[in-house]
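The block underneath contains the structure these notes are about, expressed in structure tokens.
Chain IDs A, B, C and D follow the sequence of writing; residue 1 opens each chain.
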Amino acid sequence: MSGATPPSIFHPAAGAAWRARWFHIIFNHDDAPGRLFDVVLIVAILSSVMVSVLDSVASLHSMLAPLFYVLEWVFTVTFTLELILRIAVVNRPWRYLRSFFGVVDLLAVLPSYLTLFFIGSQYLVVIRALRILRIFRILKMTRYVGEANMLWTALLRSRRKILIFLSTILTLVLIFGALMYLIEGPQNGFSSIPRSMYWAIVTMTTVGFGDITPHTVVGQMLTSIIMLVGYSIIAIPTGIFAAELATSMRATQMVTCHACGLGEHALDAHYCRGCGTSLDPAIER
Amino acid sequence: MSGATPPSIFHPAAGAAWRARWFHIIFNHDDAPGRLFDVVLIVAILSSVMVSVLDSVASLHSMLAPLFYVLEWVFTVTFTLELILRIAVVNRPWRYLRSFFGVVDLLAVLPSYLTLFFIGSQYLVVIRALRILRIFRILKMTRYVGEANMLWTALLRSRRKILIFLSTILTLVLIFGALMYLIEGPQNGFSSIPRSMYWAIVTMTTVGFGDITPHTVVGQMLTSIIMLVGYSIIAIPTGIFAAELATSMRATQMVTCHACGLGEHALDAHYCRGCGTSLDPAIER
Amino acid sequence: MSGATPPSIFHPAAGAAWRARWFHIIFNHDDAPGRLFDVVLIVAILSSVMVSVLDSVASLHSMLAPLFYVLEWVFTVTFTLELILRIAVVNRPWRYLRSFFGVVDLLAVLPSYLTLFFIGSQYLVVIRALRILRIFRILKMTRYVGEANMLWTALLRSRRKILIFLSTILTLVLIFGALMYLIEGPQNGFSSIPRSMYWAIVTMTTVGFGDITPHTVVGQMLTSIIMLVGYSIIAIPTGIFAAELATSMRATQMVTCHACGLGEHALDAHYCRGCGTSLDPAIER
Amino acid sequence: MSGATPPSIFHPAAGAAWRARWFHIIFNHDDAPGRLFDVVLIVAILSSVMVSVLDSVASLHSMLAPLFYVLEWVFTVTFTLELILRIAVVNRPWRYLRSFFGVVDLLAVLPSYLTLFFIGSQYLVVIRALRILRIFRILKMTRYVGEANMLWTALLRSRRKILIFLSTILTLVLIFGALMYLIEGPQNGFSSIPRSMYWAIVTMTTVGFGDITPHTVVGQMLTSIIMLVGYSIIAIPTGIFAAELATSMRATQMVTCHACGLGEHALDAHYCRGCGTSLDPAIER
């Protein structure tokens, strides 16, 4: 552990070469060592998450607690070494530590050390589940990038419409929740407005746990209206996203003729469909 | 309170100036005082709703009842003053009071005063939740207006299709409800046709509380059909709305004729469809 | 009652005039008497359905049973007279009686007469709910016809795709139902394969009553897969219908230029966007 | 049984003719004998599945067990003969046996024979349900092929987008499951992280069985967020599939160039985008 940071202290040039090489291995994803590092990291993250998940099962914990304990410390030490390596090779360690992934990397190792001082903090190890987001970062560099970008662009462009939709839903949830609290009241499980609002969200999203249900006739009539409203507005985010995605997909497939200005040519078009001019230079864009 | 209305009585000119200024502050949203008024109003509405919501939680009510009581009266007096101000500055007070937002503003203050005379009317304060709709009115004036309009236009244009869809749903609910009442009967929870219809809506909207479930084999077979029908027709409002929205979005990307002002030309149009003028310079935009 | 049929027997000409007039009133929907007949019929159908629905509520039945009994016979006699009138005025009574609406009209009056001979058949009156479909027939003639037709065309054109989708769903239901029966078994509520298949439909359609739930770990893992599959394939009918509806909507809004063959002009286009030729004769189609 | 294989051993030429004829009957679907074989096979598969399904119902089993036993052996022998016939007529029997349908055909007959040696293996007969997939194979050859292909192409093309979507869902399920395990804990039914993840899938897919529900206030708040997230992302696979299907459908309505055979020209194309030839006569179709 202590051998990982010195190079940058007494031997700057060698340290720089060492740092540059590891920086390349950690942050590049397109040559053999970089890809090997990615695979090892993904396997380690998935294994550590798997251990935390299995350790929470009472029957497995009673049988394999010592094994899980050892594995947890192996992963903690591995991730600590990885964290120190990342801090050592980046140019601005503080900026990295305050970035989203820096915080996640720190939170992934901290809980294990806290268990040495505080009883009960071992449950915090599940925060390590957040590290799984790093897998998405690695995938972002690969061939899924185009597809994910298109989905992301469609989401970003429908952002405002979805915000309007969510505020409408929350207003309806507040109004319906308050009304159901008045109609059904605490004796039927609608013990407070926040609880009625929880029920209204359960109902409007068509989840319908059934832990709270209307018992009065008026309550069941209002519930019928709430469900039909919820059912009808499923259409809204779907419609927004489908329309945006269709536009995104069409936009990436189209070329415009430079001679007559006719747009929406397929990507494999060599000639304009309106005037017959060659489109070939336009394809080189 | 009594100082807010006199100006319009003894000093018309000064009153007019005073009224015009406040009318501008209350109903305009694009200069500093107007925006400040909007922000204060939104904060007050959200806080008053929050107080009503928290007051309904039994544990918080037993602890903080006096605080909630004081806050409720603070909001009641504030909203009363605001209501008087609105009545004072608008040109046709009666028309305002009979408008949707006038009724909501009145209903937001009335219940608190009623509690002075009638026991139990304090629950009506939750009607104040409707005031949250005023927030949408303010937002309507801001940059969300274009997006909200597009959603609204798509909804309006799919109005008739959605009405046909809702009548079909309600007819199916009536027929399936009556059949399930015949098949399952009161001994399995289907105690009346209205209750069976409530169950049919719960099932067709895929909410599925589970408070009433079929117990006979024939009932479970019919339920399977009802669920598959409900599942398949989720497609209908979504399809209607997505298709309308896609049309709306395409319309905003279109070219307008500079000669006759006719809009919504396709991007590849060379001539205006209304007057036959060449659109080609318009394409260069 | 007996006076309604004779005309067609001894006085053909007068009978013919009488029949023609009533045929016009009953089957036409665009002049004053026809519309009056439609309104009276819709009100009578909705009222008779309402009476049957309310009569099924135990508390209302115990209070208002005699009123409901009288009303039911009033509707029965009215609908019987209407049925006789329809048979009298149509040219092929047998063909009408074997048509869908003929059968429904007969079933709407038969159960009341059966109660005179058989105890318990009064429940069959709910079959009258099917008469509500006649309302759709009347609406079909009015301004909703264009919208309903478009929805109907889109449904018809997606018929085969939806059939393939339903067979896939049913195959998955069979396979998942059989597997869950093997895994969970009767001790966890999966008492037979048909019941497991009912549960699989409840789960895949995301209804989720909760009357039967998996208790074993393997069962919950398979359930997770079933739910994700069900969730993903909600997309399929929605996508099919949205795509068909978008095509239908685009098709109805488009005019083709007779001079250059350029299609997809908006309905309000007077000139071709490709060559500037007048489109006006094309609009007269 | 033993008479089915010899031909290929001592009389090659006659065997070849015999094999070719049966190969044609079994694997062709467009002449009378082939279609008869298909119909008999579909009826046999559906009947055998129906027998297994009905046999699992306790009340029917106690009444009709001997009949079901006989029928099961009839189907087992029939399917064994069919399997031997298939092995005999195909050119590469091993390749067939290792193919998906070969394995399914073998699994369909094996469990019945195993019951002769092992008690309890009769439940494996439900594996026969997989044979129902062969029906799809037959349908693939018929007029549904075009429609099914379009659905399949749209699914294949949205494959990567749906994979990204599923990984996002599973990551959210892991994170939400771990958080709910920490918040609610074993005393409220969230007894382990895998069980919490099962609950998170039940909730995000809007199934909502209600076998496990949040009881703490913080848990209900997080559940509200999980449900709104789940509700919003229903939009994603639907949008992906609808957009892909709309593209597929548009592609089939396009004009093909008669000179170079390049397809998928827009309806308003005047020149082939591949070779520049005029498409105008093609538009007159």
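Please note the rule applied: contacts are C-beta pairs under 8 Å (C-beta built on N, C-alpha and C of every residue); 3 or more make two chains touch, one makes a residue touch a chain.
All of these numbers come straight from a predicted model, not from anything done at the bench.
Where subunit A touches subunit B, the two copies mostly use different residue numbers: shared numbers make up under half of all numbers in play. Most remote from subunit D, judged by the distance between CA-atom centroids, is B.
Averaged C-alpha coordinates put the centre of subunit B at 44 Å from the centre of subunit D. Centre-to-centre separation of subunit B and subunit C, using mean CA positions: 30 Å. Each of the following residues of subunit B touches two or more other chains: 194, 197, 206-210, 234, 238, 240, 242, 244, 246, 268, 270.
Arrangement of the chains shown, judged by which pairs touch: all-to-all, with no pair of chains left without contact. Note for the complex: subunit A touches subunit D at residues 49, 52-54, 56-58, 123-124, 126-127, 129-130, 132-133, 136, 139, 144, 147-148, 150-151, 154, 162, 166, 169, 194-195, 197-198, 201-202, 204-211, 234, 237-238, 240-242, 244-246, 249-250, 264-266, 268-276, 278-279. For subunit C in complex with subunit A, the touching residues are 206-210, 238, 242, 274.
Interface residues of subunit B facing subunit C in the complex, by the touch rule stated above, are 160-161, 163-165, 167-168, 171, 174-175, 178-179, 181-182, 186, 191-194, 197, 203, 206-210, 213, 217, 220-221, 223-224, 227-228, 230-232, 234-236, 238-240, 242-244, 246-247, 264-266, 268-276, 278-279.
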